[in-house]
Amino acid sequence: MNTFGTNFRITTFGESHGAALGVVIDGCPPGMTLSESDIQPALDRRKPGTSPLVSPRQESDRVEILSGVFDGKTTGTPIALLVRNHDAHSHDYEKMKNLFRPGHADFTFQQKYGIRDYRGGGRSSGRETIGRVAAGAVAEKYLTSLGITIKGHVVSVHGKTGAQEIESEILAAKNAGDSVGGIAEITAKGCPAGLGDPVFGKLDAAIAGAMMGIGAVKGVEIGAGFAVAGRFGSENNDPITKSGFLSNNAGGILGGISSGQEIVVRIAVKPTASIAKPQKTIDAGGNDASITVKGRHDPCIVPRIIPVAEAMLALVLIDAVLEQRKYRE
Amino acid sequence: MNTFGTNFRITTFGESHGAALGVVIDGCPPGMTLSESDIQPALDRRKPGTSPLVSPRQESDRVEILSGVFDGKTTGTPIALLVRNHDAHSHDYEKMKNLFRPGHADFTFQQKYGIRDYRGGGRSSGRETIGRVAAGAVAEKYLTSLGITIKGHVVSVHGKTGAQEIESEILAAKNAGDSVGGIAEITAKGCPAGLGDPVFGKLDAAIAGAMMGIGAVKGVEIGAGFAVAGRFGSENNDPITKSGFLSNNAGGILGGISSGQEIVVRIAVKPTASIAKPQKTIDAGGNDASITVKGRHDPCIVPRIIPVAEAMLALVLIDAVLEQRKYRE
Amino acid sequence: MNTFGTNFRITTFGESHGAALGVVIDGCPPGMTLSESDIQPALDRRKPGTSPLVSPRQESDRVEILSGVFDGKTTGTPIALLVRNHDAHSHDYEKMKNLFRPGHADFTFQQKYGIRDYRGGGRSSGRETIGRVAAGAVAEKYLTSLGITIKGHVVSVHGKTGAQEIESEILAAKNAGDSVGGIAEITAKGCPAGLGDPVFGKLDAAIAGAMMGIGAVKGVEIGAGFAVAGRFGSENNDPITKSGFLSNNAGGILGGISSGQEIVVRIAVKPTASIAKPQKTIDAGGNDASITVKGRHDPCIVPRIIPVAEAMLALVLIDAVLEQRKYRE
Amino acid sequence: MNTFGTNFRITTFGESHGAALGVVIDGCPPGMTLSESDIQPALDRRKPGTSPLVSPRQESDRVEILSGVFDGKTTGTPIALLVRNHDAHSHDYEKMKNLFRPGHADFTFQQKYGIRDYRGGGRSSGRETIGRVAAGAVAEKYLTSLGITIKGHVVSVHGKTGAQEIESEILAAKNAGDSVGGIAEITAKGCPAGLGDPVFGKLDAAIAGAMMGIGAVKGVEIGAGFAVAGRFGSENNDPITKSGFLSNNAGGILGGISSGQEIVVRIAVKPTASIAKPQKTIDAGGNDASITVKGRHDPCIVPRIIPVAEAMLALVLIDAVLEQRKYRE
């Protein structure tokens, strides 16, 4: 449903054009200093309108802490974070309320619930990630205090690597009224060995579920990932020496448990579904139709997915860190 | 931990060389005919010793239903399935009890628990999947009654496709005392639209977690998967017409919810970690050592992972099918 | 933690004197008409200041729906409900921040978390129930549409029954700077047979946990309750006839599953812990001290616990109703 | 469903007259010595046939550890415990398969599942508690190593206290073909302060749910319990001094969190539903009928419920102990 995690558990809510979005964090360790200024920078990183490569929408997205913090410290009780919605152009969507946008969740929401908030994608909007990013910032602050650091970057866009190549690919797509996909990598340094559970609760399984749970992600790989399919075991096994592992094809996870090496995750991100080119679709009555998705959309979502993916990795790791503590007598 | 699923919930137990392995299934709908003969064929498919391409170990693996079935029908109470262990060559492992096999979970289990059953990999052995496959057979029987069918096949091994190419790659690796990785695809036909939850409980997120939770899997992709990273949105969006979708790049899932199209999943499987070639490692005391993993290992685990991956997909789907029923008034 | 329920799942947050209190409801069936006016009356019933028998505090407690409702109908996505705090007399508590009030959670919160929001009891305040009551109102609306109705009443206060007796007991306690306990009964009519799970998820187990999870409740009984301890089986068994059961000692639940009879629950409510009489306690440094709890406290919490207990019963029942649907093919 | 606990999680299975009963324990801390001889005595305490006061059935109930223990120590992986069924007189039940025994779960199982294993009550039999008691023995062993001890005793039977009075009440009921109810008390000494969560996860809420989840329990109270309803706050609050609390009306739990005092729980146990006297009931076709329940039943279940209630308290406490560890940095 809308809850993620077991020990550090977040529950998000809110639609793109509703009154507000937010998250309740349950299980944050008590005694950590926390204020809005720890969270706001993460929201600022994810918001659009900051470069010609992303959507020109202006989303102010100011976070307010509603509970769980007293005298500047977390108390162990739920931390509710609220972001009010502004700058919603709901009328852009009015015309499309009876059309299912290809590549979007419009059709499947209607099938599942028999009703949907069509304004800005409603709950399936990218704005849903505000709650994740805000909670992730809290998790990251705690992880940092343990020496664990998380970083993401764009690996490639439309098959191209290098900042300039990528920029021109995105702008070309934008100018063509189209969009492009790409690959992002997220890593975590400083994780202790021993995190994760060996069967269904494998750390890599949790990461894969977390990443594929981000809209637009269609593939996840750990360490060498799909490249392992073309290898010999003698190439792929990471030799162990008394100075440590000699390679990291495993991406920091063996048998579902962290090895102490860097954790390395890559995700495949599809081209933004909203494009200005006409596409075939049907209307609510089941009739053939054509749709051109107007609005202020990102020509490539890869750069903006980075803070979300970092947040999800932070959430998985803090959960595993707290879980592992039950083994301490 | 060792439980998977919410509505159709399985809990597995057992080590490679312990007394027994098994699974408890909770939430199986009542009134379905069920006997050992519905489950045994799936176990027979996963067992080794059936061809020169796989391990020559002989594992009889007879399943016994301990509970939850009365007069040949499920009653809605937990179904416990038991498989006794036989043919365990524990002495093969005695020599390695103080060595951490590269690519295996030996090192990380030790880090996590401070103790491990080193015989045959203990709980991290491939034999742990017996419980999954047995439970998956029960799930598949139920899904079949709803018109949902699941199938898996080997896509490639060591970069090669085609039965003969694949066979010779595997035999070559075996003869060299090495192993090879590959890619498998699993599909589900007949799924109704509307399965899955739109945020953290996305159907593709559940599938990704389930697949990455199988030992040796290092990557998961849905539909077009990593290929989306090189595409335009205008290529990748699946057009909708009154006769249905015109393509299936989404792999049957939009916004985390099934669309009614075929669900398509691919997994990257690493080369078997156990190889006969000498490898660098350390012993329990932290000293450098060399290890040659003797035993009767699969030179390529891809063919044997198919029934496991099918089982995991069945478990995800039956869970989603039961979940979706709560929307019916 | 702060989440209750499986299918209709609520997560509450907020402290007595923090910025706000609220709840996120996840799993509410889509398509139900819902507005603030469906929830506000329940909050008005629980609030103090409405009679000389209860606290004179004025809590306006206006609820705002933040998400999950579109065009006046639930959409199946999370419904976040917010109540801003006002009228907080935090300075009343400043003097007591280093004292542990007897009968309160001050001491144990400090032991558990090493930190606590001492203003108005923080998270252990009765105001925490605002989220429960708001969510319960949504659940009750849905249950009513299925013909299930929930009602609570005061059975006795300080051993006395009858409205006038009870009123004079409460006023006498108030005038003495003391407080009194009592018993409340909550019933549900119209429940179908078949709700609840037979082992750990027994419907009465869920109800007992829900009721004992309300602050001040020290006992729970179902049907004949503690009276069964003095009976013969021949008296206590409810005979079954083709016109129905001839008695209801079971309180509507047999073997953990609803029988279709009225569900009958009683709870023992302790006297309000906050009293104006001096009491022995210790301070944060562990020194003996005396405390007199000033403030605007209820001399008897039984009347005000009724809407909370009704809400908890509604939450248990809606969860069971949705759970039972997975048995429908 | 059939799983209890979060950190120390048990899943039970099995019917009275099926092949076997058992339990899978997940989350048991690694490194604890464990063998069948740690568990068997608890099963021997719960079994019938040991005195004229209880059922004369002979149930050998030998437990076998199937997994999770290596070289005499727990490994952190699931511990599966198996008890094969013997001495089942299924033919006793054949005649009653179309009758719903009053006070039993026959009617409600049929309503819920549309099918039931009528032999010996199937899953609703008291034999279902074998899994709980076996798992409880493992939990108790661990708790004992932390200095936490759990004890239960019979408080009263049919309103009478004192061993001789109780014995004669039970024998009188037995001779009359009837049964009697009673009250049991279970306590835990040595619990540290800080266990339990303050809102829905209150320690007393967990205990109440655990106890009411035992068949035949119709009431639960903590500390002073229902007696609080007749008290003043000034009587009921437990004064705190630097030498500790001066009384224990709270039963060791304040605001849902353990205070470090003894935890005190009492349960009301109904008279055994199976009695030899004729009772009114209906058959599967809905026709009026009379039933006389033959078999070897306990005239009073209170003595035999003690080991079960101790087990449930142990399971709640170990779960809370492990949960609390996540607060340790």
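A, B, C and D label the chains in the order they appear, each numbered from 1.
Here is the rule we go by: a residue touches a chain if its C-beta (ideal position, glycine included) is under 8 Å from a C-beta of that chain, and two chains touch if they have at least 3 such contacts.
Remember, predicted model here, so these are calculated numbers, not experimental data.
**Student:** So using the touch definition from the top, which pair is joined by more C-beta contacts, A-C or A-D?
**Tutor:** Between the two chain pairs, A-C has more contacting C-beta pairs.
**Student:** What is the chain whose Cα centre is as far as it gets from that of chain D?
**Tutor:** Taking each chain's C-alpha mean as its centre, the farthest from chain D is A.
**Student:** Where the centres are mean C-alpha positions, what is the separation of chain A from chain B, in Å?
**Tutor:** Whole-Å distance between the two chain centres: 26.
**Student:** Which integer distance in Å separates the CA centroid of chain A from that of chain D?
**Tutor:** 45
**Student:** Centre to centre, by mean C-alpha position, how many angstrom separate chain A and chain C?
**Tutor:** 37
**Student:** If I count partner chains per residue in chain C, which residues reach a count of at least 2?
**Tutor:** In chain C, the residues touching two or more other chains are 1-3, 12, 27, 30, 76-77, 112-114, 123, 198, 327.
**Student:** Which residues, counting only chain A, touch chain B once they are in their complex?
**Tutor:** It is residues 1-4, 12, 100, 102-105, 107-109, 111-114, 123-124, 128, 156-159, 173, 176, 178-183, 193-202, 204-213, 215, 218-242, 246, 249-251, 253-260, 268-275, 277, 279-282, 286-288, 324, 327 of chain A that touch chain B.
**Student:** Which residues, counting only chain A, touch chain C once they are in their complex?
**Tutor:** Interface residues on the chain A side: 1-3, 9, 11-15, 18-22, 24, 26-27, 30-31, 64-68, 70, 73, 75-80, 82, 112-117, 119, 122-123.
**Student:** Residues of chain D touching chain A in their complex?
**Tutor:** 6-7, 27, 29-30, 76-77, 198, 322-323, 325-329
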